[in-house]
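Could you have a look at this structure, given as structure tokens, before my questions?
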Amino acid sequence: MISITHVMLFSALIFAIGLYGALTRRNAIGILMSIELILNAANINLVAMARLWGDKSGILFAVFVIGTAAAATIVGLAILIAVYRNAKTVYADRINLLRW
Amino acid sequence: MIANLVKQILDLKIPEWFISLSVFYFILAATAIAALMVVTLKNVFHSAVALAVTLIGVAAVYLYLNSEFLAIMQILLYVGAILTLIIFAVMLTAKLSDRNIMQANEQKLASFLLTGALFAILAIAIVKMKIGEPAAGGTVALNELGRSFFTDYVLPFEFISLVLLAALIGAVALAFREKGDE
Amino acid sequence: MSVRELLINSVQFAPELFLVLAAFAIVLFDFLSRSKQRDLGIVSLIAFAVAGGMLWFISSHIPPQSSVYFSGMVTVDAFSTAVRFVICIVMFLAVLLSMGDRFHRDGDTAEYYALLLFMSVGLSGLSLSKNLLMIYLSLELVSLSSYILVSLTKREFFSSEASLKYFLFGALSTGIMLYGMSLVYGLTGSIDLDRTFAAVAAGGLNAGALYLAVVLVLAGLGFKIAMVPFQMWAPDVYQGAPTPVTALISVGPKVAAFAVLLRFFYKGIGDFGMNWYDLAGFLSVATMTVGNVIAVSQNNVKRMLAYSSIAQAGYILIGFAVPSALGKQSVIIYLLAYVFMNLGAFALVIPLIRAVGSEEISDLKGVAQKAPVAALALTLFLLSLAGIPPMAGFLGKFYIFSAAVQGQKLYLAVAGVLNSVIALYYYVRVIKYMYLDQPEKDLAVALHPAIVAAVIIAAAGTLSIGIYPEPFIRIVAGAVSIF
Amino acid sequence: MNFPILSLIAFTPIAGILAVLAVPKKNEKLIRVIATAATGIALLLGIGLMLAYNYRDGAMQFVEKYTWIKTFNISYHLGVDGLSLSMVFLTVLLCFLACIASYRIEGRQKEYFVLYLLLETGMLGTFLALDLFLFYVFWEVVLVPMYFLIGIWGGPRKEYAAIKFFLYTLAGSVFMLLGFIALYFTSNPHTFDILELQKGSGGFAIGFQQIVFMALFLGFAIKVPIFPFHTWLPDAHVEAPTPISVLLAGVLLKMGGYGFFRISYPILPEAAKWFALPLAILGVVNIIYGAFVAMAQIDFKKLVAYSSVSHMGFVLLGLASMTATGMNGALFQMFNHGTITGGMFLLVGVLYDRTHTRDLKSFGGLGAQIPVYAGLLTVFTMGSLGLPGLSGFVSEFLSLLGTFPVFQVITIIAVSGIVVTAAYHLMLLQRVLLGPLNVRWKDITEINRRELVTLVPLMAITLFLGLYPISMLYLQGPSVAMLVEKVKGLLV
Amino acid sequence: MMNYPYLIPLFPLMAFAANILFGKKLGKKSALVSIAASTASAALSISAFVNFLRGSVASVSFAWLNVNGAPVMFGILVDQLSLMMLLVVSVIGTLIQVYSTGYMSDDKRFSRFFAYMSLFMFSMLSLVLSNNFMMIYIFWELVGVCSYFLISFWFEKDSAANAGKKAFITTRIGDVGLFIGLAMIFWLSGSPYFSDLPAIAQNPDRVLLTAAAILIFCGAVGKSAQFPLHVWLPDAMEGPTPVSALIHAATMVAAGVYLVARCYPLFAACPAALVVVAYIGIVTAFMAGTIALVVNDIKRILAYSTISQLGYMIAALGCGGYTAGTFHLMTHAFFKALLFLGAGSVIHGVHTQDIRQMGGIFSKMKITAATFIIASLAIAGVPPLAGFWSKDEILVSMFASGNYVIFGLAYLTSIFTAFYMFRLCFIVFFGRPRKADLHAHESPAVMTVPLMVLAFFSIFIGLVGSPLMHNWFGHFVTFGEGHHGGAPAGLIMGASVAAGVIGIAIAFALYILKWQLVPQAVRIRFTWLHTLLINKYYMDEIYLSAIIRPIALLSKYSFRFDKNLIDGVVNWTGLFSLFLSEVKNSFDKHVVDGLVNGAAKLVDLCSGHARRLQTGLIQNYMLFIIAGLVIILFVNLIR
């Protein structure tokens, strides 16, 4: 029998790694990928909890999360391409005309 | 002597749970390492590959959590669709020069410390939650899940279709603009 | 669920259904024929008007059969109805603003208005949701629509940069919120707010973990209301986005997110053993101070209004930090006032920055002499934002301060009044340039009829709430009585 | 409900605004006529009010009360008693006279008169309101037109002065608002009604009273203005156009003092008692410090502005005494300061219109050149320095006399302030009127008829009240007596 | 006979109104208006006097103000003292106004002059008639302001304008005391009426009572130009000479004496206060007398003489000589008015005020000279002229009080008086003209007739208080002190005559016979004394450096304080922002630009800094929220 606590700790680790990536990747696609990690961490949690409570809603929630993640990725990439078209870069720290 | 020892070792009855657990922890470790690679590798393309590994690892965790349905969805949607999109985008925006420039910004240390602290807080909280054993037989039948989409979860289902539709319309509007404009 | 049941259920949601159909219709219409864009604007205008009318009719003539619908996913009560109605007003004004701005001349209007409609459904969903999943999905619908809306001005660099920042920031916040939701689920075993409430009320939960979960959930909602420390995106996005979109995202998501916040905290978590009022108070002071202080040194009018809207969110949070009926009422009253005055201000910013060809405040010199009515109206809205009677903003401030004083949170009241003094300075700075300085160049301010209509509606709202607030107060009191 | 004369007075200017708005911008003459008519009607109504008022009764009269915001028990509640009637009359009078003085305003006349009339409504409403919420609304309504009036038509540093005025007074008033709200929630039943709150005044704990008193004090003190909150005043007065300076000094400052009379003292009597000594000290600081600073001025208008600081000190002193005599003096002083300083500002304006300078060093010997002006200036200056026979003396005298039994040392210091007061006023007279004539002004023209119209009524009132001051006490005495009864003075 | 004493002041008031409103139209007729008014006042005063003797006293009162809930009734007080003053003021006032028609005939503000004179008459007569402290204070101030207007009547001269200002402010210093004193009376008794003074004097709190008395006396010190507030009176000579005669010699300056006499019940009850009064009076008398010895300006000599004589009166009152003081007040009014008018006539004739430029004009201005010498004899105390009787009375009362220091100084002063008056007479009227182009000529009749009338009074008015008329005055105006039995009245009378004679003799020897009475060596040794006197004991200089300059500086620094410190809210804010702007030049714009004050500066500064948080880098923003989250969570963790 696997330990739910360990799964949750694992999810927390993935979450932290994702955060770290989102904070440090210069490439916007890299940031996007890091955010996917965060979503996955949340999903792991949801599924683990569903397992814990013997409840279906967690699993269903996770399914919906995957669906919205797809939608978000589509939108994100579309925006990214629009930016790339304008700025010819995908490096987040180059895109800082709006400030102060 | 040595052969005997080897034989003895080979004959050792390893409990199934042990194998299962070992594999489980191996998967966790591998997934975590892959995740780390996602956020640290210099080449974005390599990162995307590492992300694929991570996602598959997560799918494996779902299996361990008795959620075959979700594991399948993970592979199909995440790896099949989302990751493909990302890789497309990577290739679309990639430049040769990118290989050699820094992929991480200057706030690495601060980020590391802060995420570390957050992880610590999370870990403490999780440990303090003192989660017991999962409910027995806590698996949800696949068909029950399927039915849920059209009964209890019909409204979320409608909503996510709206979300996808909106995303689609938006993405199309954003992507197709060049034709008319230039 | 039988068809009959489904139909009965659906009647209560006819406005949203109608809006979705309108969105489809617009997309299809656009697909089939390339006609004038203005028609689409009017179509969506009518759609929102009809939706509002339906909402009014249903709420007054068809009492809800039960409190929950769709297996407890959503709830129809006085509160959600009131918020939905406010959202209809917001969207109606937003459409008027969009029509008044010329940015959509180069196409894509069908998508633009369709996304507006989708977004309004998302906002309605937020106010109706009684389930973490529904909250998440509605929020995503709102977010994704608004990300795209921000970037729909194609070649504008600012707009796409704003959009990217908005997207990345939003995705991160949503991710954090989602993680928080998963923890809430883990702690309480349910994603239904009634049940989470019961679980928390039953006690025995780890307070630290619950607090952690709640704070993480707050991230997603805090992002929408631009609360410190989740406010960083707002100035950049407000500045970069097309002005009507700025107006919309400074109001719509904020209203809905506050509605969710109220529901989540009062109906989903409760205050059993966890004093999140202090947290709200602390965040409130931080938010308004950051917003006001930084706004002082802004020269871009949209950016200034962005900081102003951060500060306004800070004021509203005061109402949150007080566990009393008055506190809840003050949140909604202030939001109502904020809707009218902020949209009114943006409605005038649109033609003015077009006319002067710049977004710098100092370029508004002497506008009052060239466009007296526009300047007067903008002055009205700015003074309302500053909380000067007899405008709506004053009533909001009055409510907020009343709540703070009644709740014995003197520090909040004092922080609030000090902030409103600082705020006056930058609002009046705009007025100063418009009235006190002489015009440097000849400029013609063209007021599109849609803008005029929007200004009239906003001004009527601002003044009527300020001068005779009793009916509004009664509605709001009824709305928050569910908590 | 009888004839709503109070609403009529308060909203006559609004009717004027609507009429002015209907007139095209070019027709400045008609705009002026309408504005004058509106202020004139308000003045006539004010005179009618004075005639209809029952002088025997110190309680509220002509009360109008309609429910406004039921949730908070807020009502549209107006009324006058001896405390407010003189202020109302002062407001309508000065508004009318300053309106005539406004004919010389240059440019954007339509905007000017709209704002001007709005200002009048705000001021009148403040003095008439018997509901704290309503009071606050009118109080704030005053700020906005004042900001524009200073900011658009003011002098060279108008923007600075206008925003300073706005920020300062708003800072005070928001704290005042907090005080009002605290009163509402502490009273039982919850109410914003001033009269109701007065009835239940004994019920508040002393600690609570002190806190609320301090909050209200901030609002009122900035308006009065009390040292060290006075620094907005010289800037605002100097930069404002003449008619606005008149209203600023004549009416706006009174709003602060009136607040003490109407709200702080009757509702928070114990805090008032506790605060009497600090207030008296601040009063004497105002008197002495204001006079000293005025003496250092070489700008005519600034001198008058600082003299306001000094004069308002007597109001504080009289208030602090909590005796009938002192409080009568304080209230009386508010009225007199309005007429006398109002006249002084008008005179500054008359001279400025002709010479385009306010530098006292550049005048001299004008007494021989423009004797009528000189005479008027002399009368108002003498009134300002507290010469017996003119009204200013009586009120200063009363407030000092009322304060003496309570705070001897403070009064003695305050009295010695009259020497400094005399000094700077005489210095002013000497620099403007006496000495050899500065040849630059050898062709200066005498004061004209329109300007005389604005000044003579003020002078007449100053003289009348100086010669027959008890007439004012008939008006305000009964109400002040009721107030003193309520605060249970330290010494009757 | 008619008895409307309350009308007495009203006639001049009407004259004032007529002259100020219609002065231009009236032209020279304004003098007639004023004179008619004061003649009417004089007539009414006489009728009131007669009625009073008959035992009928009219009264009037009306409510003027409420103090402490009780109405203060304004009314008139007709008694011996006020009747005496009424007569003196109205008669002398009328005569001087007649004189002024000649003296001021060429002035361009002729009607304004008479308006002021009428206003003064009104104020002074009202002051005399006042029946309570408040009323007297009011008219006290009013006469002060009239004095101010009249001193600076020729305001084109800076010196005149300055003198007026100085007079007003200096007397106001005294008025502060008066004000506090009357506030104390109010506080002690609640009654402002003089009629209640005997009752007030019964108050057991002697210290407060004494303080009140001394404070009231402060008012008299200012108005009557007593040491140390005497400095304004010599400067007041910048005004037209009739003004000096009426206001700064005969009437207004006597108001202080009148006030002390009026409040005598109070002073009598406070011996300590009386001592103060006596010493202030005698110091003033002696000091001013000595200064008068060396001054060369004809009007200033008379001014110092006035101060000295007022000191005399005050000292007399202080020594219990109520009758003596008031009597001298009356006689002095007449001969001092005459002296001033005479001096005015001389100035009118020779167009200079410096006696060293005059000389030998007796022959050219016979009436002037004769009346002037009569007045000088009167002031010197030569019997049987008016001054003799009153001065003698004073010396007797001083001696009787047993205070021989005061008596001695007073005696010395009377020698000085005789000396400087005759020094003046001899230099001006006798000898040879010291200036060649001195075209002296006699003044017109409107000026000489009043001189003659006054001369008549100067000779005979003293008789009302003389044993020849059984000391009628002493019985009429009395504080019940009775006759000074203890004093050797005859001896003192002789000594008094001797003093006058000695003074005149020295003057005669020095200035007619040109004897060198004092050896050169001694003179050189005492040059410092001369310098001291010429510089009036350096009083003005002391005031300048000890009071006026510090006040001016205080005022200046108050303003700087106001402008810089209070306005800057907190100084360090400014310093701090200055420091920062040095560190970061780019902040200059935000620090300096459009700031309201210190607090706003601070906000703006913060704003300038805080907006830098908004780097435009999305990941910085993200870092910010994570940091925020960690902080929020951490705060909860440690709580």
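Residue numbering begins at 1 within each chain, and the chains themselves are lettered A, B, C, D and E in the order written.
As a working rule, a residue touches a chain if its C-beta (ideal position, glycine included) is under 8 Å from a C-beta of that chain, and two chains touch if they have at least 3 such contacts.
All of these numbers come straight from a predicted model, not from anything done at the bench.
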item	value
Set of chains whose contacts include both subunit C and subunit A	B, E
Least hop count linking subunit A to subunit E through chains in contact	1
Centroid-based (C-alpha) most distant chain relative to subunit C	E
Interface with the most contact pairs, given as the two chains involved	A-B
Innermost chain, where centres are averages of C-alpha coordinates	D
Chain centre separation (subunit B, subunit E; CA means) in Å	103
Whole-Å gap separating subunit C and subunit E, where each centre is the average of the chain's CA atoms	77
Geometric centre distance via CA averages, subunit C-subunit B, whole Å	34
Whole-Å separation of chain centres (CA-atom averages), subunit C against subunit D	43
Contacts with 2+ other chains: residues of subunit E	594, 596, 600, 611, 614, 616-620, 622-623, 626-627, 629, 633, 637
Where subunit D touches two or more other chains, by residue	159, 163, 167
In subunit B, residues with contacts to at least two other chains	105, 107, 111, 114-115, 118, 121-122, 126, 129, 131, 153, 156, 160, 163, 166-167, 170-171, 174, 177
Touching pairs - complete list by chain label	A-B, A-C, A-E, B-C, B-E, C-D, C-E, D-E
Residues of subunit B touching subunit A in the complex	17, 21, 24-25, 28, 31-32, 35-36, 38-40, 44, 47-48, 51, 54-55, 58, 61-62, 64-67, 69-70, 73-74, 77-78, 81-82, 85-86, 88-90, 92-93, 98, 102-105, 107-108, 111-112, 114-116, 118-119, 122-123, 126-127, 129, 131, 133-140, 144-145, 148-149, 153, 156, 160, 163-164, 166-168, 170-171, 174-175, 177-178
Sites on subunit C touched by subunit E in the complex	164-165, 168-169, 172-173, 176, 208, 211-212, 215-216, 219, 228-230, 232-233, 235-236, 279, 283, 290, 293-298, 422, 425, 429
For the subunit A and subunit B complex, residues of the former touching the latter	1-2, 4-10, 12-21, 23-27, 29-30, 32-34, 36-37, 40, 43-44, 47-48, 50-56, 59-60, 62-64, 66-75, 77-82, 84-85, 90, 92-93
In the complex with subunit C, residue positions of subunit D that touch it	68-72, 108, 111, 133, 136-137, 140-141, 143-144, 147-148, 151-152, 158-159, 162-163, 166-167, 170-171, 174-175, 177-178, 181-182, 184-185
Subunit E contact footprint on subunit A (complex, rising order)	19, 22-24, 31, 92-93, 95-100
